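Listed after this line are the structures, all set down as structure tokens.
Two complexes, one shared chain (subunit A), two partners (subunit B, subunit C).
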Partner chain A sequence: MQPGPHSSDSPIRFSVLHRFLHLVVMIGFTGLALTGFSLAFSATAPARAFMWLVGGTGHAAWLHRFCAVITYGCVVVHAFWFLYFKWCLDGRWTGPDSIFPVRKDFKDLRHNLAYFLGREKSPPAFDKFSYIDKIDYWALFMGMNTMGITGLVLWFPEWFTRYLPGYFVNIAQLLHFFEALLAVVVKFFIHIGMAHFRPAVYPADTSIFTGRSSHEQTTREELKI
Partner chain B sequence: MNYPNAPGKSPKTCCAYAAMLFATVLVLLSGSDVKANTMRTSLATGESTWFVNMQRFAQSAHSAFTCDECHGSMLESGRQHPDETRPDFLKRSATQAYDYRRCRKCHELAFKRYQTGGHAKARQEEKTKPKLNPDRAAELRTAPTCGDCHNSHYVRSGRTRIDVGRAMVGVCGRCHPAHTSSYLDNIHGKLGVHLANAEAAFCSDCHGAHTVDALKKQENALTVCRRCHHQAGEKFTGIVVHASLDLVSAAQTETKKSLVWIQRIRWMAIAMVALSLAFFIGHSFLWLLREIHEKLRKH
Partner chain C sequence: MIAKDWISLVMIAGIVCISILVGGPLLAAENTDSWTENRVCLDCHRKVNINTNEGVVASNSFCLQCHSKPDCNRMVGKKRVSLQVLPATLQDTPHHYSACIHCHTDVARSPHRSESGAQCGACHTPHGEGTAHAPHLRVDCQACHFKSEFVQLDSRDGRIKLSRSNTAGEPIAIVDHGLANASDQQLCRRCHRAGNVVGAPASVLPAKSVLCIVCHPAPASVGHGLFWAATVIFLLGLFLMLRFWFIGAVQGEEKSLHRKIALSSDAIWQTIFSRQIWTVLKVLIIDIVMQRRILQESVQRWSLHSLIFLAILVRFALSLLTGLLFSINPEGELALALMNKNHPATAFVYDLLGLFILLGVLWAAIQRLVVKPAHVIAEIEDNITIGIIGALVVLGFLTTAVRLLLTQVPTELALYSFIGFSLSRLLGRLSVDWQSVYPVLWYAHAVMGAVLIAYLPFGKLKHVFNVPLTYLMEEVSGIKREKRV
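Up next is the complex of A and B:
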């Protein structure tokens, strides 16, 4: 069944702030990936074409840093929101609505894999955030910080080598590249693939843009999964 | 079978994935191509041989000279025209036969620098104590003199910094291939050679064109780094530009230690990426199979 357009009374899944942050990260992350990989794979024709398009390496460097600042800015805003959620909204960091991993997540993972393989009749009953959501969230959070710190080392190597040995810049460059590779594959292929192109939600799950719960929940109920 | 959701959606998804796969393959293929091309064009500049292509010579920086301005007349030198009947006729390398002291007449500064530099020193050492196995001496390169790097018949003047830099990477790479490839993996090489950024450093910007300093002394390296990185401190020279273990001599313990750590972290990073991707891809694949299975069973 094609779920109908979201009605205005379907429950709110993402607040305006979260939707806005997702949008900014989406743009920032794409910009970072394009400019960064155009440097990393600069021996290839598409990379050179992209560099030409943005007006050379100087512009690409500026774009990369701009995207980095707005993307990491989202992490900072989100961290402040976390405090606001706890102190002003009297929200709880623990319990079934928490994003923090708990022992149940490991059980859920085993249960869910057993379900995928046909050993269980139904998937586990997830709390508000499933282990998949949590992996996505924490992978991104740690990734952002890795990228942020190593990125700063590469941005200001003169300053950092006042305190750190020179080869830390080489290491920062390595980590920056491999983390980027992982992040791009996971976000562009796994995240987009599984959040939008998976049969249950195809062609797109719009709830991160509209804020309303939609396909996911409806379809899951319909399919009894 | 009835798919009420969206008929023919699987082909669409398949197409999207196929396109991504195709793009990836394209990127990888074109990458190796470009690298090969860079090397090929720079090597094609070649050396002088016993024969001169006068059409190409006419476009070169030296085109205004007559032959004897560089080669002298046979009367002056007292030498004979090469004897066609001799077994080594045309077999000797033309660059090895030429007396490059004649370049000094116009290129005084470059010549003096060359004489104080690493290549001249190596050449001197070869003469006094030849290390090379004499049987292989002919095939192995000896330390270069002017003509080994510069093509005096065909080199053009007025080339851009990028042109010269790209050619230089190929020329230096003939004897220092590991340095060239590690340089092209480094930010300087990527910016300068691949992305034509004229502000990036090419070989001679750090090592000098004629003085050829290997920059093993930290103070020399720091002076060089500071040409562009004005705020660089002493530890800045610890950044490894040619990050290849093959290039490190036993004496460079610091660099060796750095490279060992860089290697370890590289392997760790690769392992992390591989494990994470294996998990994500495996998990998603099983999930998709299950969903498709449920869907088909339902209709």
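Up next is the complex of A and C:
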């Protein structure tokens, strides 16, 4: 989605806005997980230790809401970026640079699995975002909205129950907890494993922090051509 | 028979001895005054769990057994005052499901009377700067939130409370436990009217704005239309300034604004996440906050500039800290002390910093208008800036003085605002209706503050943004510093 080339030696893969949003979400998400799970598993020793460290449940609640606001703020900013990209930069939401799933992703998946099984000689030539990147992205994007909406119901139950039956608060609580479990497993294990522990970039893919493509990605883009 | 009597006697003696041996220490361990002290009814009667609806109903029916009857009275002098509580008046309030003893925490005892009154703070936190600004920290919740219109200033603790008597001095009953509509401004006129007895200004003043945070603890909202206008002008000025910066080429890019922003933000990013950040921080602390480069030029100029700049910076930092502490824990002692204009430490520090700013402004005025050294090029822009800041501080001190005069803060507390207090002593000599003057002063101070914020990106105060940025960019780009005059 980065428009135009860059004068420096390696191409820019992520703009400053995207690097910044990733950094804020990273901090916010970790904070949410720590404070949230300390509440959900409040009887356990690590949770009690954490609560003691941050100065009690009141402060943990404040931190949780603060992290929620900055994290969801990133979703909002990102949504505005999408519109800016389309309308002001005349960018394309489709095509090889797109983050939306396309038919090629399924072909790539089949090709990649075949490569893993030794049926293909080379891995598929991915576009800018591979199907793995896209799963990561959309899992987080939808997860954030689920967590955001259910979280708001739990934050302002009086307001929501003016319009919704009371059991929606219970549903929100259940969804909030299970989606949190899912999100933490996906982000902390699958996302980090897929993004950083791949043999090509191990031990870490720094492109989301530096904005510059790593060597492997440059070759991958060359493969595409 | 004799043997049996002996056995009985020994047994009785034994029981008495054991009772004394065992019971004595137990009684001693308990409070020895316990027999003469208040007895809490619910210690013996069924202690219900008032955190459940059933418990609330059970507990309330206990209270209402007497308090629902019209003949539940109390004698004040020769007058009968009703102690009846109409449960129906609680129906529309959030307290519908609360037990009486949730709020009246110390009444369920003998003798049956309350020392502390209803405790709102057990569940609710104090209002921040937005809803009810700092002077309301000394107003009891009930004074605003109850429907009774009679309020009084309690001279014993200096708090404004719901009055137990009407304006004619006759005792009144509070049968209605409903809550007043706090969003109705008419409610504020209970105190904020001409000739009130609680020391409130004669008209309802708006809350402070987020703009005021430069010098005062402030809410996170813009507020009054006056502040909105200032905010819009300020943001417009910032926008124009930014646009001006981006007219030039960025790393060879001359046309696309998007590319210019992308390139410059990338440069900032690369600087932040590199070793250069330490140089940047060093410049930020030594050259920008501590103003080393001004000190290198002249100690006098550094002193003058620091009196204004550092004093405002410290007030800004204190206000930010107050806001942060209050948002984390609204009941925290430190947050409340920092918000309370009458707290000795807060009053003293804010007055002292205000004095520093005023001294700096006076010094600058003397330099520019009287001494006129060779390096000073007196421009009208500078004079406007100094004039605005000076007027702002003078009006601030006057407002403080009149506030102290109005609210009848006890001398031992008021004298920590040493400038405001002295001024209030002087002003007190004049026979003026201060309740009507205070709003005028407040608005004058607020207008001056709004003008200062709006003027920031236009006049000489633009240097607040330009100079630090130039220092940082020079440092990062490795441009050699030249001596400025």
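Just so we're on the same page, the second predicted complex is superposed on the first by the 207 of 225 C-alpha atoms of A that agree within 3 Å, B and C clash if a C-alpha of one lies under 4 Å from a C-alpha of the other, contacts with A are read in each partner's own complex, and residues count from 1 in each chain.
One rule holds in what follows: a residue touches a chain if its C-beta (ideal position, glycine included) is under 8 Å from a C-beta of that chain, and two chains touch if they have at least 3 such contacts.
Keep in mind the model is a prediction, meaning the values are calculated, not measured.
Participant: Following the overlay on subunit A, give me a clash-or-fit verdict for subunit B and subunit C.
Facilitator: clash
Participant: Figure out whether A:G58 sits in contact with subunit B (first) or subunit C (second), or with both, or with neither.
Facilitator: Both subunit B and subunit C are touched by A:G58.
Participant: Is it subunit B or subunit C that touches the larger share of residues in subunit A?
Facilitator: B
Participant: Let me test your reading of the model: by the given contact rule, A:H196 touches which partner, first (subunit B), second (subunit C), both or neither?
Facilitator: neither
Participant: I'd like to know which partner A:H78 touches here: subunit B for first, subunit C for second, both or neither.
Facilitator: Neither partner.
Participant: Per the contact definition in the header, classify A:H18: touching subunit B only (first), subunit C only (second), both, or neither.
Facilitator: The answer is neither, since A:H18 touches no partner chain.
Participant: Looking at A:P157, would you say it contacts subunit B, subunit C, both, or neither? Reply first, second, both or neither.
Facilitator: A:P157: touches subunit B, not subunit C.
Participant: Output check: A:R110 vs subunit B and subunit C. Expected answer is one of first, second, both, neither. What do you get?
Facilitator: A:R110 sits against neither subunit B nor subunit C.
Participant: Would you indicate which of the stretches 27-35, 153-161, 189-197 or 207-215 belonging to subunit B has clashing C-alpha atoms with subunit C?
Facilitator: Among 27-35, 153-161, 189-197 or 207-215, the clash with subunit C belongs to 207-215.
Participant: Using the superposition on chain A as set up above, list the residues of subunit A that contact both subunit B and subunit C.
Facilitator: 58.
Participant: Where on subunit A does subunit B make contact in their complex?
Facilitator: Going by the criterion above, the answer is residues 1-2, 39-48, 51, 56-58, 113, 115-118, 132, 139, 157-159, 161-162, 164-167, 169-171, 173-175, 178-179, 181-182, 185-186, 189-190, 193-194, 197-200, 202-203, 223, 225.
Participant: Within their complex, state which residues of subunit B touch subunit A.
Facilitator: 4-6, 9, 13, 16, 20, 23, 26-28, 30-31, 33-35, 184, 187, 190-191, 194-197, 229-233, 235-240, 243, 258-259, 261-262, 265-266, 269-270, 272-273, 276-277, 280-281, 283-284, 286-292, 294-295, 298
Participant: Can you check the complex and tell me which residues of subunit C touch subunit A?
Facilitator: Those residues of subunit C that touch subunit A are 251-252, 258-259, 262, 265-266, 268-269, 273, 327-329.
Participant: For subunit A, which residues are in contact with subunit C within the complex?
Facilitator: Subunit A residues touching subunit C: 3-4, 7, 12, 15-17, 19-20, 58-59, 62, 88-89, 209-211.
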